[in-house]
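Have a look at the structure below before the remarks.
Each chain carries a letter (A, B, C and D) given by its place in the written order, and its residues are counted from 1.
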Amino acid sequence: MSVLEIKNLTTTYGPVKALDSVDVAVETGQITAVLGANGAGKTSLLRTVSGLVKPTAGTITLDGTDITGKPTESMVHRGMAHVPEGRGVIAELTIEENLRLGMRGAAKRPTDTPAPVRTLDDAYQLFPVLGDRRNAQAHTLSGGERQMLVIARALLARPTLLLLDEPSLGLAPRIVAQIFNLVRALVNDSGLTVLLVEQNARSALSIAHTGVVLNLGKVVVTESAEVLQNDATLRHSYLGF
Amino acid sequence: MAHQPTPARRSRRLALGAALAASALVVAACGGGDGDGGGGSDPGITDESIKIGGHFPLTGVAAPGYSEIPLGHKAYYDFVNANGGVHDREIEFIAKDDGYNPAKTTEVVNELVLKDEVFAIVGGLGTPTHQAVTNFLNSEGVPDLTVSSGSILWDNPEELPMTFGWQPDYESEGKILGQYIAENMPDAKVGIFGQDDELGEDGAKGLKQYVEDQIVAEVTYVPGNTDIGPQIAELQKSGADVVVGFNVPSYTALSQLVSLKLNYKPEWLVSNVGSDAGLVGSLLEKFSEGAVKGSSPLTGLYTTAYMPQSTEADDPWIQLWQKVWDEYGDGSPLTNYKVYGMAEAYTIVEAMMKSGEDMSRESIVDTFEQDGGDFTGPNYVPFRYSEDRHAGIGGMKVVQLQADGTTADKTPVLKTDVGDAEIEEFTDSANTPPESGIPSD
Amino acid sequence: MQHFINVLLNGITQGIVIAAFALALVLIFRSTRIVNFAQGSQAMFTTYIALTLMNNDFPYWVAFLGALAAGFIIGAVLERVVIRPLEGGMELNIVIATLGLYVAIQALAAILFGSDYKSFSSPVGVQGFQVGDLNLALTPTSIFVICTVGVVVVGLTLLFQKTQLGLTMRAAAFDGEVSRILGVRVSHLLTFGWALAGLVGSVAGILVATGSFIYPSYMESLIAFGFIAAVIGGLDSPIGAVVGGLILGIVNSLVSGYLAPGLVTIGAFVVLIAVLLLKPGGLFSSTQARRV
Amino acid sequence: MSTDITTAVPAPPAGPSAMQRLLGLNLVRSLLVSLGVLVVGVLLLESTDAYTNTQLSSLTYFTIAAIGLTALTGLNGQISLGHGALMAVGAYTTALMLDTDSPLPFPVIALAAIVMTSLVGFVVGIGAARLHGPYLAGATLAFAVALPSVALYFKGTFNGEAGLTVISPRPPEWFVSFIDAVSGEFATSSKYVAYLGLFCLVIALFFALNLGRSKIGRHWRAVRDQEVAAEIAGINLGRTRVQAFVISAAYAGLAGAVMAMVVRLAAPTVFTLVLSLSLLTAVVIGGLGSITGAFIGSAVLVFLPPLVTDLSTDAKLSDTQAAQMSPLIYGIVLVLVMLLAPGGVMGTLSMAWRRRRARRQLTATPTKKG
């Protein structure tokens, strides 16, 4: 059963069609990676799903309810946590304050859903570095630490669906691997569903179950991760490796 | 920060704003002259009516108090119109708002003279504001009568033949207060609390002719800045036990409040401009619960009076003003500002009466110059009008506010003038209002 | 010696009130990045409401709370009706709209309440304290004013530092989009921000009037000084507004006491320029100007 | 006559001579528009009564100042709340120079006013160049509040609160005969002042039109829109901002000179903060960056208040109530225009015009353009 179903979603910025009747289904407990070159429409997809941008056509359903055009503020309470482009750390607040903001999202969530990170201590266990400097201002964190912070913050809202927008951006390969393995572990252990938008197709496919390739706003291929990794022609033409 | 105007989101909206602005432009452009063209030789006067106007601060910082003066004018003119008018002519009075800003004074006086085509400008209020229009009025030959300001600028027959002062000038008042202190408080240490303009400067100039060596401190305040804490503290530090205030009513109230705060209790002498017992008293009485029990908060304050004050209920003039205000006022209590307005209007009506049937702009100016000295208004001392003097009331008496709110005379009526003119006693008895309340021709 | 103390005390009492008004300006600037010119007129209007209550024999405290409630409601209504539709457009347009409100509300007050002086009583005495032969420029009313502003500042600090609501308001102020992603109803907070500023502005309005008298444009001089104090403080820091207000109050008093009253506004200008040359963002501004 | 100086410069055709042609084109176009305004101005002045003439002369100095401010704020993005004070510099310079028995001719005095105000604008501009948005607004507001007290404090030269009166000059012979020829009316000094104002406005308009299309104008717009990109492209931000401030100060100086003649006085109570704020509102409701917008905004500022007061007196309101109605209506108009026409009058009109043109292109057969 798919947590998130996107049917012929179209979004335009003025004359430009960022998304052109896109169909994506995100299966429960799976990682779906959305791949493609820069400007293919990956981030537009996430921004439209999370309500930051109003689509001009198409529908988005989350756990069966139609959330097309609903306000962004309501998404986290419906179980969809979004780690936006550029990570979205509020630099002027402390680490703990950022995390406490994340916990607010859990207020309206049913208490029985399986959640790997429920309390601040769970977050500090998951990422000890955050615990040590919990009262420091967030702008003192490194790129990797910021990525950990926003993932922890998102998990604190006890989501069923996690949207990740290019977590690997600007991080050393070792840290990218560490974060990707963590995400995969979370999915395996707690049945979390993840929609991962990445330019780094190779590492994305290494943890994803399915891959969706976007080009100029259109879905070009929807295949299992293994098929995409082995199909040389697809890799060269769209994924750049 | 400001960036290219983003496309208005509700682009479907009709540009109502555009229509509004454009219509204002169009209406004005073809406004055209619609003046009704006076029948007589001069504009603003016909067989049935005389149209006069003035500029006053009806809005803005100077509105409190001063905006009541035109109410006095209107009430008295309505009273006169209801009792036969002037030589069977009705007086139409237009008060325009200049918000005490000379740029607007010029605009509204242009409107009065060029569009409404008034016969004369009366009671124009404020020194900087009226200064902007005196040249224009004189070059257009419009009578500029009874200017509501104590500046001596209006006494300049050569350059400003059409312009006449009305109230006593600040320098004369300073001299009379100075003489009183010199005679009655010879060893007092005198402080001056003056407004930072002609009121303060001319007043202090007059005062110093008599008490120069007794002055221990001189502080000024800028109208608009209500924080006068440092100034009163300076007076206290100087040890002044007598303070002479040349200020407007709101600053009399403020200076009393701050003195209360500093437990500073000198003898206060305040110019008649700022000693409106009714207004200042009402402002302070709410604070007297803490300090001054029962009696009026201004008990013991010395000031001057050049005509009966609104608090003197048994004076025939005040009874006349009360009657006029009850019938033609807006129901608010009688204040000295309204009395000032009515007294000015009384002088205007008297001048019109004495200018006869075929009154013209020329003849009313002549009446002011020839008969002005014998006008029978409520002022204790006559006007100083003549061919070569356009100054207003020529004297006053020093009074002291009593506990029951009335005033007690401290000196007989004194007559003086600017410069080194002597201060002499004025012995003629005060005029009493005519039976009808309207001056005869 | 007493003169210096009194000039200083006078400066503090004046500065505290400027600080309270600057605080209201900062509350709005933090969330909408604009300066609300109508703040002065709103505060004046709610003070007239308090006066009307007192004239109908309500005690000072009821009138005080009534004015604060009115300030809260007026702030919220103005944000919803006038400011919200202008969101997303040019910030200058919002500033001009607040100027329009400033002029309109002041004219409305003159029409409704008349433009003459009305005295505004104080709940406590207005006579200064005497210590030995020293007369202090300090009255029960000035202490009441200082304490009230203190309570407001402490209250706001607690709200922002210690409560969930305060945290979300700060988050919305620093990054609206991320806050919405985290489920914060930014639009409601904007309205609440204007309402809260309306309330704080009303406090300033009443404290200026207490123990003195009011007329429709009595807040006019405070608007300029409040804005200058807020800029000195850093425009987006509440503590900065309070410090800026106090600095300006004391400087004005010293200039007026020791130099000349005519130089007060020039003194304020010099202080502002000096601070901005040192720190273009103001003394306590936390966010560096985000250039890129 | 949409002289919106923010519209992009037409793509210059190839070849060096094209630049001269383009430049020539601009000069001719500005000249024509300016002469057009001159003719319309003369027609208006001669066809309306004396009172409307005085209103039109107020319109001239407001518009001159508004053109300067709209260039600064619209073109260069700097917000100033202090241009009323800059007008004061121009007005006081004029009043002082006219205060002699044989004053210099008006053009010389106007030039002196422009130079003095530009100097003050230069000093303030240097400070302003480092400041942004509300901080700049705060600094210019403090300047607007502080400057009048300079006149109060230095009573000797500026005569304090009462200010300096300005004797409006007798109209010279050639002017009297010109008016007699044109409309046979008697040329009063206030008509002469109205013509001086109109003449200064036409000159100011001519330079503003050229400014918008010139290299300077493009630099200003670049600094406004893409500060960082402009800096990378080699435009010195500080210098451009100071330049914009000085030029807008020059306009304010000229406006101050004309205002001194029209109002016949230069006093602190003339140059209040309200003057600076009204200039800004005029520029925004007219349409930021648009010269026609500056005309319209100033016209609303000059004609709306008396219009409202007259309507209220006709509606039998007392003089005081009528006086209070005009700021009330003016405030409400400001809010309504911002709500309904955020781009100001000109912004909204050009928006509607562009949309209609775009819609016409869409319905036309799809052209080969990609």
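Annotations for the structure displayed:
Keep this in mind: contacts are C-beta pairs under 8 Å (C-beta built on N, C-alpha and C of every residue); 3 or more make two chains touch, one makes a residue touch a chain.
It should be emphasised that the depicted structure is a prediction, and the values quoted were computed from it without experimental measurement.
Chains making contact with chain C as well as with chain D: B. Most remote chain with respect to chain B, judged by CA-atom centres, is A.
Comparing per-chain C-alpha centres with the mean over every protein C-alpha atom, the closest match is chain C. More inter-chain C-beta contacts link the pair B-D than the other of B-D and A-C.
Computed from the mean C-alpha positions, the centre of chain B lies at a distance of 37 Å from the centre of chain D. Averaged C-alpha coordinates give centres for chain A and chain D that are 53 Å from one another. Between the CA-based centres of chain A and chain B the separation comes to 76 Å, rounded to the whole angstrom. As a whole-number value, the distance joining the C-alpha centres of chain A and chain C reads 43 Å. Residues of chain C in contact with at least two other chains: 85, 89-92, 107, 110, 115, 260, 262, 264.
Annotation for chain B: residues 1-3, 5, 8, 58-59, 67, 196, 222 touch two or more other chains.
The set of chain D residues touching two or more other chains comprises 73, 79, 132-134, 149, 152, 285, 288, 320, 324, 326-327, 333, 338, 342. Chains touching one another form the pairs A-C, B-C, B-D, C-D. The touching residues of chain D, counted against chain B in their complex, run 6, 44, 47-52, 54-55, 58, 73, 77, 79, 132-134, 149, 152, 160-163, 165, 167-168, 189-190, 224-225, 259, 262-265, 267-270, 272, 274-275, 285-286, 288, 296-297, 299-300, 302-304, 306-307, 309, 318-320, 323-324, 326-327, 333, 336-338, 340-345, 347-349, 351-352, 355. Across the complex, chain B meets chain D through its residues 1-5, 7-8, 11, 13-18, 20-22, 24-25, 27-33, 35, 58-59, 67, 70-71, 74, 94-97, 100-103, 106-107, 110-111, 114-115, 127-129, 131-136, 139, 151, 153, 196-198, 222-223, 330. Contact residues of chain B toward chain C in the complex are 1-3, 5-6, 8-10, 58-61, 63-65, 67-68, 196, 219-222, 224-227, 229-231, 233-234, 236-237, 249-250, 253-254, 257, 260-264, 279, 282-287, 289-291.
Across the complex, chain B is touched by residues 2-3, 6-7, 10, 13-14, 85, 88-92, 107, 110, 115-117, 119-122, 124-128, 130, 135, 137-139, 142, 211-213, 215-218, 220-221, 252-254, 256-258, 260-262, 264 of chain C. Those residues of chain C that touch chain D in the complex are listed here as 29, 33-35, 37, 82, 85-86, 89-97, 99-108, 110-111, 115, 224, 227-228, 230-231, 235, 260, 262-266, 268-269, 272-273, 276-277, 280-282, 289, 291-292.
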